[in-house]
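The same chain A turns up in both complexes below, where it pairs with chain B and then with chain C.
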Partner chain A sequence: MREARIYRFLLKRFVYALITLFILSVLVFGASTFLPGDVGRNVLGGFASQQDVDIFNHAAGTDRPLVTQYVDWVTHFVQGDLGTSFQYKVAVSSLLGPSFTNSLKLAAVAFIILVPLSILGGAIAGLRRNSLTDRVITVTGVSFTAIPEFVTAIAFILLFGLWLGWLPVTAAAPEGANILTQVKYLLLPAFALVAVEFGYIARITRSSIVENVDADYTRTAYLKGLKKKDVIGRHVLRNSLLPTIAVVATQVGYLIGGLLVIEKIFNYNGIGLRIFTAAENKDYPVLQSGVMLVGIVYLVATLTADILYSVFNPRIRFGGDE
Partner chain B sequence: MERDPLKRLDEYRLTQGTELENTLIDEFLTGEASRADFLRHASVIGLSATAIGAALGTAGYASPARAATRAVKAGGRLRLGIIPAPARPMEPHLFADHGTLATGSICGEYLTATNADNTLSPSLAISWKPNKDGTQWAFNLRQGVKFQDGSPLTAADVIATFKRNTDPAIGGSALSAFKGVLKPGNIQAANGGKTVVFYLDAPTAAFPYLCSNTTYQALILPSTYKIGEFAKGGTTTGGFKLTSYTPGVGAKFDRNPGWWGGKTPLDGVDATYYTDSAAVTAALLSGQIDLISQVSFADSRALFGNSKVQIISAKGTPHREISMLISTAAAIKPFTDRRVRQALALTLDRPAIIKQLFSGLAVPGNDSPFASVYPSSDPTVPQRKQDLVQAKALLAKAGYAKGFQVTLTTEKYIEIPQLAQILAASAKKVGIDIKLNIITSDAYYGGTYDGGATGRGTTPWLNTPLNITDYGHRAVPNVVASSAFKSKGVWSSSNYANPAFDKAYDAYSAALTLKQQRKYTGIASRILLADTPVIIPYFYNWTMAASKKVTGYKASAIGTMTGLSKTSLA
Partner chain C sequence: MSAMTDDAAGFDPAAGLVPTEAKIARREMVRQLMRSKTFIVGTLIVLFWVFWAITGSAFTPHDPLEQTSEILKAPSSSAWFGTDQFGRDIFSRVLAGAQSTLKVAPAATVVAITLGTILGLIMGFVGGFTDEATSRLVDAILALPLIVIAVVVLTALGSSSITLIFVIGLIFTSPIARTVRATVLGERQLDYVQAAQLRGERGPYIMFVEILPNIMGPIIVETTVRLGYAIFAIAGLTFLGFGVQPPSPDWSLQISENYTLLSAGTYWWTVVFACLAITTLVIAVNLVADGLQQVVDE
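Coming up: the complex of A and B.
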């Protein structure tokens, strides 16, 4: 009975994800198709003749009915055939694959720094509520969150890259570089991301900690005679992590697919920059498959968050999922 | 003991000199052509080094000095930043943007090479000669050249390359350059395969330029070449071999040990593509790269005047055309009056614009495509200067003493938005109120190009009353003059039509001697100054930035990077 409920919960979440993906595919296809400009004109340039543009569009199939184009694209996409790039005339998978891997690497480095740091910062601020430490952590976090990431990134480049000369100003390590060198190249963009995200995650953790410190069960735990470190460790921190997990999971999609500005400033061939370039050049096969890939990442992250949340919070798993 | 140069020159003229060569020598000795113009034109018509030396000696000049041989530090890999990244397939006959042509030219070579001073040098062809009227050009191929896969360079390879670039059925990007000049079947091998002869559609004095890196698509590939093979490497003859290419990321090149030019000082080149000028600027300043393929003063001011950076530039003809639509339904009334067009042109302070936008690395334009950098341009045509009093008087005569309002449409591309603002501010001084409509390049070149009420489609750059369009470098003014200024030109944003200009242009195009060319460009330029369908405020230099350790690199005005084979790192 209990296992059936778990499966039903997971199945429901999975079906929701599929429906979301379907809606996303329609939106992505529709939005890219209605982008201003013409594929053939864009690829061949402003000085090409209209006849050449028409021939290109016919060969690329962009002059077919929209429904036909959509069905053709989706059919191939689900079979793993992402098509051929209009811009580069190579397989889309050969472009998106390395870009996606790069995005994963940057996200991983940022994640490893961000999650412990922001949870620790939020926990300290929450446990020392209204102290100077709390105010310093909160104000610093909010300030960095409020500053646009391109400003933070450029400031870091100037400070750590050009003036102090400690870190490389571009994120891509030379070919064949070992893991340590790759991490070194990724540190500056990762710091820029941490600066933007720290305040958000730390604030959620802090408010959760504050809520749980004031909760009745915490008072009961103290009255039972438990030591402060046990109360904090076993009860407060554990319960406070629930909302933090949800927030962190939703940021995974952003850290992988939403870093266009950071990737551009640090000249990093991530999935965000690849999608942006494809949009600029009307490279629909790359654009559509790239956005779908990021969409899948978002959904997987959200699904994972749901599962983790349910693991930590049985109320959701066994009846509260409605 | 060296013989008297006059005797050598006479001997050459009597025994070998063609009529065309003898005319050029006469023009030089009588002072009609300067030393620089003589050297440029001599390189175009294929005058031998012996004859050039004798002519210079006769006129009292020293022979052109060969570059002093100096020790260069061998080895090392140059880290190159190419901006922007290739936007098209890495396929030579489709090259049409800086990223592709810069990458392809690191490993590829052409029949001839256009130098930074617009002279031509031998490359895969060691010499070339036209027939009497310039309708046939014979190129003698360098012997012993091998492609990087080991196969020898033959006439068949050259013929196949030019066939691919001139065949409309293949649809290459160089068709506009060869249209009306060369048909795909009109190329033949001669002299036992050591010579290739081009039979042209019409006399074309500038044809050797069309075989150089300025027609960057005409990179010589093997006759067995199949489309799609270039990015795999090994299909070219240059000093470097392409070993890897990743779209949007970069390319790697290693030294070609079998290069006919000897051993390149560099072991290799690692090219990284950039999309953001701030990123590539920071990369050079932090020492992560050694050379940037192009920089603009507008976007990368931190590099100019920086003690760690050297600015390398080549005089060229990239320019902007401010077009006033004068004869379609979209034309607005003031611009149908040439006095109004002249008035707008007179509002611009061109030297100040050049200083502000290019830090001086440009020359003033004179509202015609015949830039002063071309030897064929008539230097006696008066330069248009700012004259607000005359501009106001012209507007008053045209019935617009109080000015008028117009919208300027243009693209967000390098310094063009700043130029648009400068034009609006300048025009304001004589009462012309210009509203700016700055759109993306996609939107600016978007829409249809034919049909509709005017037959010019809907694209903004051909259908708005006032606009600014970007033009790249050309080794000769022919393509821009015929496409953007001649009647019914396919790029004519102004829709200008004047039979007198057409006649002067056709006469220039067929003229083989410098004297004749200048005569007709003079006529054509004066007609354009009077009619002013287009304002060309400047022609700017191709500008690059490098760290101080890069030595020996000479820029090309078109942005090709063949010069890397002679570059070293100090």
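Coming up: the complex of A and C.
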């Protein structure tokens, strides 16, 4: 019974994710199509001859009806053919592939620092509710969440990179550097991403802990004569942390948004910088595929979060049944 | 906004003679706000920046756009925050820089709150297929990283403050509509709405005259919270070059123009003061939002 409901819930979320992806694809496609002027003129510039513009439009297929272009684009995308970059005249996938790997590296370093740090911070704040420690953690978290990531990044660059000289201020390690060196180069940008995310995850953990500390079963455990250490360790932490881990997955989206700015600051060749450069140069094939890729990663993460959440939290109400 | 609250008060025939319940409640709210330290501190800082945003370059010691031969001078008694690569006075630029942020972000918030409130009222009150279809669209927009969407749209439409206002305003409509919808669903069950329906009032009347005044609390909180997010998002997009263009003294633009000088190891003053300015503003807005939230929740 419960199983069936979970499956139905997940199926529903999967369908929603597909709908979202469809809307994103229309938006992304539309953004490059409903431009003032035509694509060839925009790409080649005002000085190109009309003949060149026509040739470009015909080669790029932008002189065909919109629906045909859209269907064509989606079919190719699904088959892994992302088209050719206007700017570099090479396959889009050959540009996006390495960038994507680079971003994954940066995101991985950020997550490895972020998850334990913010959950620990939130747990300490929750267990020592209303103490000075709680205040400090909560206020620091909220403040860093509100400050734009490039501001935090610059503060870190100045402090750790230039004044203290502890960390390199560029994100890309020299060619052929070993993995430790690579990680060292990624620390500063990762810290900037962590700063923005820390407050949110810590707050969720904190409120989850507080809820469980106040719960009836916790009181029962105490009344049963369990030691405080055991109550906290065996009941409170376990019950509050599992849902929190699911929440972490939803943060992937914000992380991706942050990548755009952070990779620009550190001049790091990731998917964010790729999307930004494509936007700046109106390189639509790269922009479209880059954004679609980001959207897919994000939706997969959200879906994973939903699955984790429905598995870990027995009290979840599966939408549609209320 | 005040017009709406006046409507709520004007609804009572005894208004003006005897303080109405709504008036007493509002007075109590103001009293609580005045006791909230976070709210007072936040408001004072916001007002400080609002002052400089309104006066622009009228009271700054130098013209924020005036270029001199005194380039990249460290802070001194003549230029408190130093000068930038064009010899412009950074102290004056930081003060005048409040203007673009405090113009664009609140404007985007107003667009978002207006559209989001209308949409949320309709979704929550009308329900049915309208609600279901709109909810899916709202979910779809919320399901994507904001800055990525904004970059795609701004690339297509071109970068300017006006475009930025509408792009951020439209994207922020979704979360607001969702909040308002949830609040309206709660109100719909209450007696006064049912009474109005039995009286045969029309839908728009019930939505805007009956329900809206009663959900102003959550909407005001949502407005301040969104303003914080709007400043955050617009700062990021301006930093990337999608917002106001040079030579504006906008804080994010100042940082964007000068941060490459940092790797030389010096010239820290060209970015630090703009960073501090933007930090004080976002934290102040969050303090105000926090203060309001606490009072409304009680």
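Assume the second predicted complex is superposed on the first by the 272 of 322 C-alpha atoms of A that agree within 3 Å, B and C clash if a C-alpha of one lies under 4 Å from a C-alpha of the other, contacts with A are read in each partner's own complex, and residues count from 1 in each chain.
One rule holds in what follows: contacts are C-beta pairs under 8 Å (C-beta built on N, C-alpha and C of every residue); 3 or more make two chains touch, one makes a residue touch a chain.
From a predicted model like this one, the values you see are computed outputs, not experimental measurements.
A.B. asks: Touch check for A:280: first (chain B), second (chain C), both, or neither?
C.D. replies: both
A.B. asks: Would you sort A:302 into first (chain B), second (chain C), both or neither based on which partner it touches?
C.D. replies: second
A.B. asks: If you stack the two complexes on chain A, which partner ends up touching A:175: first (chain B), second (chain C), both, or neither?
C.D. replies: first
A.B. asks: On the A-aligned overlay, A:15 touches which partner chain: chain B = first, chain C = second, or both, or neither?
C.D. replies: It touches nothing on chain B or chain C.
A.B. asks: Return first, second, both or neither, reflecting whether A:269 touches chain B, chain C, both chains, or no partner chain.
C.D. replies: A:269: touches chain B, not chain C.
A.B. asks: Touch check for A:52: first (chain B), second (chain C), both, or neither?
C.D. replies: First partner only, chain B.
A.B. asks: Would you sort A:43 into first (chain B), second (chain C), both or neither based on which partner it touches?
C.D. replies: In the superposition, A:43 touches chain B alone.
A.B. asks: So in the superposed three-chain picture, is A:254 touching just chain B, just chain C, both, or none of them (first/second/both/neither)?
C.D. replies: In the superposition, A:254 touches chain C alone.
A.B. asks: Using the superposition on chain A described above, determine whether A:162 touches chain B (first), chain C (second), both, or neither.
C.D. replies: Both partners.
A.B. asks: Quick check on the output: what are the common chain A residues between the chain B footprint and the chain C footprint?
C.D. replies: In chain A, positions 154, 157, 162, 169-170, 264-265, 280, 282 sit in both the chain B and chain C interfaces.
A.B. asks: Which residues of chain A touch chain C in their complex?
C.D. replies: Touch residues, chain A against chain C: 16-17, 19-20, 23-24, 27-28, 30-32, 34-35, 142-143, 146-151, 154-155, 157-158, 162, 169-170, 253-254, 256-257, 260-261, 264-265, 275-276, 279-280, 282, 287, 291, 294-295, 298-299, 302.
A.B. asks: Chain B touches which residues of chain A in the complex?
C.D. replies: Touch list, chain A to chain B: 36-38, 41-47, 49-50, 52-53, 55, 85, 87-90, 95, 98, 154, 157, 161-162, 165, 168-170, 172, 174-175, 264-267, 269, 273-274, 277, 280-282.
A.B. asks: Show me the residue ranges of chain C that touch chain A in the complex, using the header's touch definition.
C.D. replies: Going through chain C, the ones touching chain A are 136-137, 139-141, 143-149, 151-156, 228, 231-232, 235-236, 239-241, 252, 255-256, 259, 262-263, 265, 268, 271-272, 275, 278-279, 282-283, 285-286, 290.
A.B. asks: So in the complex, which bits of chain B are touching chain A?
C.D. replies: 85-91, 96-97, 171, 173, 176, 228, 244, 246-249, 252, 270, 272, 274-276, 278-280, 282-283, 285-286, 288, 441-451, 457, 459, 461, 483, 490-491
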